[in-house]
Amino acid sequence: MRHPKSLLFIALALCAGASFFTGGINPYYYDILITIGINIILAVSLNLVTGYTGQFSLGHAGFMAVGAYSSAWITLTFGFVLGTSLPAAGSVYLLALFGGGLAAAAAGLLVGVPSLRLRGDYLAIVTLGFSEIIKGVIQNAEPLGAQRGLGGMVQHTNFFWTYAIVALSIYGILTLVHSTYGSGFLAVRDDEIAAESMGINTTKYKVLAFVIGAFMAGVAGGLYAHFKQFIHPEGFNFLKSVDIVVMVILGGMGSTAGVCLAAVILTILPEFLRTVSDYTWLPGPVRDLAENRMILYSLLLIILMLTRPQGLFGKLHFIRSKKS
Amino acid sequence: MIEFLQQLINGLSQGSIYALIALGYTMVFGVLRFINFAHGDIYMLGAFAGFYTAPKLLSLTGGGPSYAGAALVLVAAMALCAAAGVIIERICYRPLRAQPRLTVLIAAIGVSLFLENGGQFIFGADPQAFPEIIADSAIELPASWGDFASLTITIGQVIVIGSTVILLAALRTIVLHTRTGMAMRALSLNPLAASLMGVNNDAVISFTFAIGSAMAGAAGILTSIQQPSIDPLMGINAGLKAFVAAVLGGIGNIPGAALGGVIIGVLEALVVGYVNPTYRDPLVFAVLILVLLFKPSGLLGKAEREKV
Amino acid sequence: MTRFFTILSALLPGVVFSVASAADPFRVGEFASLTGASASFGQSSHKGTELAVEEINAAGGVLGRPIELITEDDQSQAGQPATIVRKLISQDSVVAVLGEVASSKSLEAAPICQQNKIPMISPASTNPKVTEVGDCIFRICFIDPFQGTVMSKFARENGWKKVAVLTDVKQDYSVGLAEFFMKDFLANGGQIVREQKYSTGDKDFKPQLTSIKASQPDAVFVPGYYAEVSLIAKQAKLLGLKVPLLGGDGWVGDSLLKVAGKSLDGSFFSSHFSSDDASPKVRNFVDKFKAKYGEVPDDMAALGYDSAMILADAIRRAGTTDSGPLRQAIASTSSHDGVTGKITLDAQRNASKSAVILTIGGGGFHFVKKVEP
């Protein structure tokens, strides 16, 4: 597949163009649009770690949290250091996004290193543990609002920035995966021992996957923080990690197109289900069930694994049988 | 000194609960090489099974809390959980046995979330008051023990520790001295060879799930005697700690699970009492990471060579 | 002829519109946790709000128009309040928003209401920061700085000079209330003999209670939520810790007494509402609530009820639902006779009202005294 830079520039131009029309949209729909963008970035970044490199991570929300809090802290502390005009504050915002990503990448490094020796189930639980530890640190950090939450961020995130970063992320991941690095990731996923014996430095690829995935999740966190304008540690808990995992699994691990589509579907679906509860012609319990997103997600996971483990667009050979 | 002993007692009784749950994790891993993420929620189901059956069962034994009634509730919960475990295995895990471990792990996560959120939907998210099946109270220690007389040991704690010991002994008998136990051990060593020797793998696996789930169910009831507030999410925390206990003791190793449970329970009590209660949960993760980094096979486990 | 019809058709929309708006309901938004971990609080406050709206509509509505309550569930998840409040404001065009109980969720939604100049009334968020977001944000409950001093004063009045404090560090409410209690208690000559902590969801408190028992306090302040408090009380009694427990409005919950049984007898807590208050207003409310929902209302329900009533009263006084006048009317709420007491909003848009201290015994809550601000 060719990924000429020109495609990227076209995408960015489209974003810029489209952003002129978003001024008049209903703020509720706008909220959904931005959330879709953020979720795409999260899903694509987790897909790198879990789908392409085969490291099952249940702690992705932790990286998002690091990015969200770091970038929020930066804009809250230094937001007007360059001046109070929009370009000035906006530059600080962009730097903050990048800073949040870097902080998250550092966290990714911290998580990636111990994970080197772990496989499958253990890795999943340890990543979950790290995510809980991150949450615990935030909950005890006064400058970050601890259990009160952190608010007051200026709403810098808009359609253009969100989708520009979406375009950059997708471009970045696709380029990465179709390079020699990509082959390295896939080799680690397919058969780590064979890869080691072929001289591939599996350590490097595993850590790289975590760091890049965490960076992107951190940037997504920054976008999120400057859109919702208020963040709370409980918003980055295990359930949030599960949300992202479901997107990756539904989309098909290893398929960027698949996870993008899954992210869109799984962002719109709960909003649609909200309106279902207004359809009084449906029986009560059905409406109650519709409100309960997690029951539906969990059933989705089970049914997907039983019937179509490769998700929407994943290829079955991605999860070729390993020796059990 | 007294406070230390008190914390030890607290830790021992809490650790027994973790040991019982850890057994399930370890046995299932032994035969299937997979972590049943949903195991902690079976513990929760046990508590709720007791919640719903206790009123009727207690009325059979005279209406109020009694040892006979409690035993009935315990057996009922264990049976219901065993059934639940077998059903879940049959529907969600058996079809995936040929699939890579990741698939069945995800399915297990799905089952766990389903049980938790389904539980919230059906039982309500608010904690429920578990009925009193044993009149719990502190045991009066004879004054002749001097200082030690100020220690508080409750009947509930004694029952928990006692029941755990009995159940562990029963399990050990099953595993070491019955044919099914032998089949379980054979399966965990080499499934293919076991089936060639006439072992019905499917039946033994179902049996393993049944026993493991029954243990978790027992843990659910024993816990509710001392902490009579049950809610659909109670399995998350306990399950996680029990999992770490199983890993600490050596996953796949039954005495290891018991040992791991006790160690985690005591460690927890000491950290909460002497250091900082907020470190209670991070402590468990820290133990897990340390074990996995330095001695992945656990305290009593043997290092497994991975064949290529 | 054509001119006649042109004029008629020009007038028609006006006629249709004015006819329509005569019966057009006022749309009021409500966001609450109806499912998820905080569901019991959200469901309670929602029931109270719903009952109030029903009563208002049965009495002819406000300014001749009924109120349509549009309720959205935030599923106890952070991140949701922002989305659903945006929906309420932009999709459903509500004139005001009622919510939330949890301060963190109110803090998330408040900036959005403030930006859109839609008044928001929180029934039960006690974190001081909520109303600091802007002049469109109001609350009708007292705030934690006041609640902390209430129990501190009560403890001193009862001669309990040495108090141990057991805080839920995972809940900002608990941490805040403990802080305010301790500040006031120490400033007035009291002694905090031990501070211990726990986390929401913990089930075993014996280590902390063992430590507290060793410090020999006269009373223990436990400003947490009912799920953990019930277990704390039970385990305290088991460990032989016999002193009274003191607490705040977080104690109010269905399972508190069911789980704690007799172990909470003789303990005290501050709250917004006492269901055995003999005043006719409260009796009326309790009866109507029992008739509709089959249960006795708790203070979240009472606060939900009062929040809707105050909003309706403000609309009446303003004569319109335009943002500016409506906000003025809400801000000037004075001595509103609510089921949770006489409510006056102060300059910071917080409620100045009395708290009640309740004690527990015989399977229920009993009124002890009222404490004025």
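We call the chains A, B and C, going by the order they appear; numbering starts again at 1 in every chain.
Here is the rule we use: a residue touches a chain if its C-beta (ideal position, glycine included) is under 8 Å from a C-beta of that chain, and two chains touch if they have at least 3 such contacts.
Small disclaimer: the values here were computed from a predicted structure and weren't measured.
Common neighbours of chain B and chain C, by the contact definition above: A.
The chain pair with more C-beta contacts between its two chains, of A-C and A-B, is A-B. Using CA-based centroids throughout, the chain positioned farthest away from chain C is B.
Distance from the chain B centre to the chain C centre is 39 Å, each centre being the mean of its Cα atoms. If you average the Cα atoms of chain A and of chain B, the two centres end up 34 Å apart. Residues of chain A in contact with two or more other chains: 140, 292. Each of residues 121, 278, 281 in chain B touches at least two other chains. In chain C, the residues that reach two or more other chains under the touch definition are 35, 169. Those residues of chain C lying in contact with chain B across their complex are 35-37, 39-40, 169, 196-199, 201-204, 206-208, 210-211, 214, 227, 230-231, 234-235, 238-240, 253-255, 258-259, 261. Chain A contributes residues 26-32, 35, 139-140, 146-149, 151, 224, 228-232, 234-235, 239, 271, 274, 277, 291-293 to its touches with chain C in the complex. Every residue of chain B that touches chain C in the complex is listed here, in rising order: 3, 6-7, 10, 14, 120-121, 124-130, 132, 136-138, 152, 154, 156, 223, 226-229, 231, 233-234, 237, 269, 272-273, 276-278, 280-281.
Across the complex, chain A meets chain B through its residues 54, 56, 58, 114, 117-118, 120-122, 124-126, 129-130, 132-133, 136, 140, 193-194, 242, 245, 249, 288-289, 292, 294-295, 297-302, 305-306, 309, 319-324. By the touch rule above, chain C contacts chain A in their complex via residues 34-35, 72-73, 75, 77-79, 82-84, 86-87, 89-91, 103-104, 107-108, 111-112, 127, 129, 133, 169-172, 175.
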